[in-house]
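Here come two complexes built around chain A, the first alongside chain B, the second alongside chain C.
Up next, the complex of A and B:
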């Protein structure tokens, strides 16, 4: 699959940039771009942020995922505690990061 | 024969760049057309940032 030049991949590792994440995702959608987001490492704590639902509502189910292993490492249960706004199929592995790199013409780390 | 255009690189800073980061950025910028965006300053213009990301060939996110 070739990367879509109008799709922005956002790889999130930090738990500190929820405002930037929401702001950039909103701006991309306003600009007519597609957004694909993967949260991993400490950033999985953002799933407990009050604004996480805004991000979930911005992205299609296939375009937002969190790393289930990171979620477990940070003390959450990836089966019994699915973040609000997500479905179980959005609890993914690092292979999803590979998909972000493959599908997105543009890429940003937060 | 047309001359090859330089790669457009965008540096996104999540915090104020240290001297080490500035050194690395200077190395990366050689023979490239470079721009930067400071996410850590005030209220960022996200629309401008998205435009800059899509205009650039490559984006580097610094901590």
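Up next, the complex of A and C:
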């Protein structure tokens, strides 16, 4: 699969940029683009943010995932505590980040 | 799929585990992964992190160290900041890891 120039990949490591994350995703979707997001490291705490559901609603199920290992490292249960707005299949490994780089013609890190 | 050269910049020890794991994930996806430990002062890595570093090397990536002494028990490729700058010219993707730099010094209780 070649990278889609109309798809924006966002790799998130920091828990400090929820407003930017939603703002960028919203702007991209409004412009007719697709957004693919992977949260890892401390950014998995954003799944507990009251606005996380807004992000989830901006992405297709296959286009939003969080790192299950990071989720565990940060003290959450990846099986019993699926974040609101996600389904169990969206708890992924770091290989998902590889898919983000492969599928998305544009990419940024927050 | 064309393999990409991916440099992952890790500003301090806080990012060692996830940064190396992320690099290994890219290596598994047939990319060339180069996590870069910056600014030195790393504690001894856990066996898990050390094993992941070895995996990255086995998969034609490398683990780099810029500034300071590398941690005990693991072999990293040391290079200067200038050399890192040259290496980054060939990068397809540069991933800066982590949080915003703190503006207030932590109290002594947070130092260890």
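One rule holds for everything that comes next: the second predicted complex is superposed on the first by the 110 of 110 C-alpha atoms of A that agree within 3 Å, B and C clash if a C-alpha of one lies under 4 Å from a C-alpha of the other, contacts with A are read in each partner's own complex, and residues count from 1 in each chain.
To be clear about the criterion, a residue touches a chain if its C-beta (ideal position, glycine included) is under 8 Å from a C-beta of that chain, and two chains touch if they have at least 3 such contacts.
All values derive from a computational prediction rather than experimental measurement.
In the superposition on chain A, A:53 makes contact with neither chain B nor chain C.
Looking at the shared chain after the overlay, A:109 reaches both chain B and chain C. When the two structures are aligned on the shared chain, A:101 is found in touch with chain C, with no touch to chain B. Once the two structures are overlaid, the count of chain A residues touched is higher for C than for its counterpart among chain B and chain C.
Look at A:30: by the touch rule set out above, it reaches chain B but stays clear of chain C. In the superposition on chain A, A:42 makes contact with chain C only, while chain B stays out of contact range.
Touching of chain A by both chain B and chain C, each in its own complex, is seen for residues 14, 107, 109.
Within the complex, the chain A residues that touch chain C are 1-2, 11, 13-16, 40-42, 67, 69-70, 73, 93-99, 101-102, 107, 109.
Across the interface of their complex, chain B is touched by residues 6, 8, 14, 17, 20, 23-24, 26-28, 30-31, 33, 106-110 of chain A.
Chain B contributes residues 12, 14, 39, 44, 46-47, 49-51, 53-54, 56, 59, 61 to its touches with chain A in the complex. Interface of chain C with chain A (complex): residues 1, 4, 6, 15, 17-18, 21-22, 24-26, 28-31, 93, 95-100.
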